[in-house]
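Below is one structure. I have some questions about it.
Letters A, B, C, D, E and F name the chains as they come in the text, with residue numbers starting at 1 for each one.
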């Protein structure tokens, strides 16, 4: 019998451990099929901080989620053994040191054949996670949902922060650029190259404005077909969503995706060989009613619902 | 001449009595065609509390509403005599006692041939209200708009709380299951039976995901046709709306209905023999800018605008 | 070389002057093609106040905006010389005196051939601005985006406040009624004449409910064609947006426009001879996470991006 | 039997009418010994607005207050007949018009021999109230508790706003300057005359810094003795309190009075011939947890507890 | 070696398990000298709810506390073995059932000779805890710090809720009335008997007004002397503090204790034979900046610092 | 004539530039006697972030301050020429780089004989500022007001962050330990050495608990006498104040100083040869009503009021 979340019928939702969905906490990754990991950092952010409290808040809101995905039929806890591995012991005063620690931590975790599900934390964390993932799987296909391309060459002279992740990932061969999608991009920029350059690398860019007023099922189908059976990493920046749906983030951009679109997109990726997922940039000080963290928790549950090996009933 | 709301041109909106739309308060239901009634309770809630302040906050925000429904032409106060009957004197320490008090109060009120318009309060209140309504009208058709089906058999051993209302209502013959619609359902659950069982009773289930990206006018037309001239009760749980539109509620679920959809649905029910309406689950402590209560007040006005006897001009 | 915003790569976004997009502040309008001007007032509001802090908050949030409009290709600072002229020194105790001061200030500014871009402040300000604009350009075409028609004859006996602006503007010949659009109207009213009368003057009314679930590109195209090369003023009341997108305003109305719609509308007006724009009714005390001000800042940037003379690349 | 507040044991505190302490609302002042009156205005404020919602919020928080003053033994409702007369129908667009309306309203009310207890609203309201009071009682002794002296000659050319009240009151002979106390003054100013001039008129100035770390019982005793049996008006600006105790106000000044000091002061004035009281400058948008309004409600109850005719038991 | 909190130098404070002070969580009380226990309930509250989230929020804020009490020299973790036992599985829909569950849970826990340190939750919980404690220790001396006496006979017909605890405790012989102190009482009431009756039972009443402007060291010394070596229970209602220090509570009363007074009181009780402590009535939805929960966490740490067996260095 | 703040009588307080007290902004320090400088950083914080917005928010709230210190008679702008030099262009991704930039910036500024008045930003900034100051003045006397000693040797292996400042300052000979006061210390720690070690260096420690319930005038007099005419730096961490007065900070500790105490302390230092001041650790996301920033602005004005050369009238 696999680990199970505590049911809201057994223990009131405002009680119990503050793990993701009130799953058991584990120290040891052995025997797990997938695991939640928090990376509570915000020193890689450029506008509003606060994402250091993201993992805490997402876990708190996740107490609302029940174990069965009624809408899709997925029953992740029937087939997979999951646990919450707690937080990486980042160094809150040093971005470079934190990046190193995250990579090392994931190297250790990925000695076990599990799928890491990361709760951020600012988007910088995706770089060391991808480094660890690529050591295991080679260059991965990437579904990157974000308001921003995060492909700056540097910011304030730093080559590794939340705005440079995917340029680095490509340079280092962590991702397969021809199997990389960037979805939800918008906001303002500095030049027409902002998106063109990545397109030149092979990245598939889907700006938010191309997606307004429509279902994302067709896009998901297209991605699924083109990625085939390559190993895939999903990096979900909560600011891909419109601030109406996700106000609690550090660099919000208006006119973004809706939560129905986000769910269609994730659900439509079912069948892919997912090897890792993250949900980043939730900033609780700007999330007055907790809805951003609630949204993040649910989207993580949706990603969890499409992992390889999840049964449907 | 019927009771009229105080006009914003006669008295500044931030002034005056805190009744719904600043209508006269009445102690005696005699002579009224419909009446607003508050049921300020939250001890039937399972996650975040606070709905005990719902009626107060909805009334405060209702001061913004003007008496004529420009968008539909409805002029409810031209044809109906309305008043605000204030709050039911619930027992804040006992859920079962409160359920009993609400039923008794509505029994007394419904000795008069008026349409009760209830401001909640948590969804538990709908059960005793339906009991009183069914004594007058027999089993009613039901339009239940909600993120949740509220058909648990029990929660923590309790058979009457905000999550069991509609199973009880069916068991007790308060509603006609073949004329019952549940609209906006979503979120997570425990098994595939969560929705299937109610479908087996005859309930018409419309999950939120079936309604994304589309107008609800066709659905409203379908309901109107199938219900015909049966007496109808509308129970509107504000959490049917997406948290972007209604963050101030106790058990929010992402990817819900939009306010345009809610208005299309309600307006499309015009012509039905409505015998009661409620608007529940507004939780002011989580409604920082007051928009959830404002939304609730407006949706109640929309329901009021389709009552039998309302003239259009 | 024209004035440039401070780049987020040169100075962290939470630093520097609190001008719009951290543009240089100017005392003297000479040499400017367009200019930001704050009118920090709220004594013309009828429900919740607080718009007096609107200009401050919009400027603060505008620090997030980068100079190039990636989505449309507009590069406003390549072609136009802009500055922030600071705030009009309004009289916070007297509405009539403030109206006089605003008109005088704009008269002085418009001795120079620049396009005024006004940050409000309550909607009353548009009346004196239009008076100054009409002295220069004659009656202008008007694109008025708002939840409200703002065509009352008086409120509490006052003929000039935020609810009477466009009746006055028409009476005084400041706008060409046959080239006037009112977009996003909704909410409740007092009689069927609320919208009919203005239609009789020639105003083109597009209620919000006519626009739900659809792109506004066709509407923008229609407006652009019918206005032709007449001088145009755009008055954008942030409450035209749904409160999900813009909670921080004084008289919110549910079921409004979305931000994608707002952007489609503004972008679709490119090519018109715009002679002035305003963005009004942002009320920071009700804008907990700053998203309303962020939205306002971005919409002003979108209006700035379609000004005559802006190059695209 | 006099009017009684609704008991929290009869009706849950979050229920019932939103009158002060849930007293009966009255239209007619006849037969009342004292009455609550709201003056919901904020257009006389110079920094943050929002006091227009003060009366509403104070009334909401007053639901917590029980009828007997355990700490002093006062039982106001045993001896006095009180009611809530609702709000004055101010003109929210015109300060001068509002001042005129308030004076007229109080003239009408004071045809009856009652003590007006005013809930503000900004401090401007005290001027027209004092005009009406002085018509009945002649120049009154004044206990003015405030962070500010409010004795400017004008602000932005206006001679009547929240910063000029007590200069006007003295000029017009509404108060007896030798029996006028200003308590709690602090903050910054423009010249040494800020306080000296009023001292020259006879005003007794007690700056906050003279009162730090000490009981106000001696001060109250001194005032009581010097005023003797002259008619007295108490004007209590909530910003006299330190922002730790009363953050929800428009022009907060640090290092102010504490609530124990406020209670000692008011209680120590028992025995004076009080002819009117007000509690002003509560601004709900800045009162996140409601404690400022709660404090205001309690201080009004304390003033009510020392009115002539209140029995002690 | 006893259990130790995780140090902020080993793991960033915003990381790690959400136990009190990040102590180990335990299922089994065996071997513990004292234990933290959460009782997350709010259905016993009469005004604002929300205390169901109290244990969660106190634990979150407790991450700031370091293990050594620098101000007193206490080193609790040097001498005592502590753990966090998590939350009691209350029934959120039934107050009477919850009271029964809490008593049973504490009966089970107190089979082990440990000191229970309870995190509330509303004050109702103290009744079943005292029942369990008295079974072990007989009638205990009581230090009850609160704005309210909580000695009603019933509320809404209920004999067991947050306002009746200490009348029940005395009736049932759970406390020794001659060794019972009630400290910080204030607010308003219904009759002079409110405090007199309990004084007649032998309770020592110290109203807040008797304590304003002074150190509580003398009071603590008096209590310590009179209690001698009797077993003592400390029940600390956070609303004993002034709302300036503790806004996040359900029934705040102005003019209360300060945090220095609270610390002097608790520290002054060192040497007593403490057999249990609770900290109740923290309501997070009204605790915007988290300072109430932070205060609660620190006061619990102060109580923990005076437990029998704690070494000082 | 020196630079003057814009008067609230000339321009409404919610208008105008967002400089400190709406002073002129300057690029060039030449000719200034003292200058405001912002250091908007938060990456040196260990618990809650957000101080990067401190300078912005302090400046916004400073608009309330008038130029004359009525309570002390100080008229700083009569005698000194001040300006706001804006923000240091810190590197938000690198703490060590930011420390370097701040030192270099202050080196440049201090080529001019002015007194730097720094608005933080987290406390880390004081280290590079002291380095620059000591190059000009040699080891300075220090008045350090804080809840924390900030004398850790390292945190997470970092020797320079907000918790190590004053150990480094002493090691580097930036301060004269025998003329160093640490005032307001409290909170919890790791060992008895936490305060003892610094006492051994000669630091004068005044814990908060030694200062409860009393005036700080005697302490200020003692400091003034012992420092004599040595150059003095004042470093004021806003968390020295009790969270009731200053909730908006990153590492709040309960039972701290009051604002009257803070003002007595600063005013009592008049006459010292002050060579620099800072006000740090204001975190706006946790400062809901703006009172922390208001307090910070006023305390900076008090420090400004005691600078050498300020005339009194």
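Remarks
Here is the rule we go by: a residue touches a chain if its C-beta (ideal position, glycine included) is under 8 Å from a C-beta of that chain, and two chains touch if they have at least 3 such contacts.
Everything numeric in this text was worked out from a predicted model, so none of it was measured.
Repeated interface, listed pairs B-D, A-E or C-D, reference A-F: C-D, with more than half of the contact pairs matching by residue number.
The greatest centre-to-centre gap from subunit C, using C-alpha centroids, is found for E. Set against one another, C-F and A-C show the most C-beta pairs in contact at A-C. When the CA atoms of subunit B are superposed on subunit D, the rotation angle comes to 180 degrees (nearest 5). Subunit B and subunit F, compared by their mean Cα positions, are separated by 55 Å.
Centroids built from CA atoms put subunit F at 37 Å from subunit E. Counting partner chains per residue, subunit E has residues 12, 14, 46, 48, 52-53, 91-92, 155-156, 213, 242, 244, 286, 288 touching two or more of them. Contacts from subunit C toward subunit D in the complex involve residues 42-46, 48-50, 52-53, 91-97, 155-158, 161, 285-286.
Across the complex, subunit C meets subunit B through its residues 46-48, 155-156, 186-192, 194-195, 207-209, 212-213, 242-244, 247-248, 251-255, 286-288.
Those residues of subunit A lying in contact with subunit B across their complex are 7-9, 12-14, 63-71, 73, 213-215, 242, 244-245, 258-260, 262-264, 288-291, 294-295, 298, 301, 313. Note for the complex: subunit E touches subunit A at residues 10-12, 14-18, 25, 38, 40, 52-53, 55-56, 60, 86-92.
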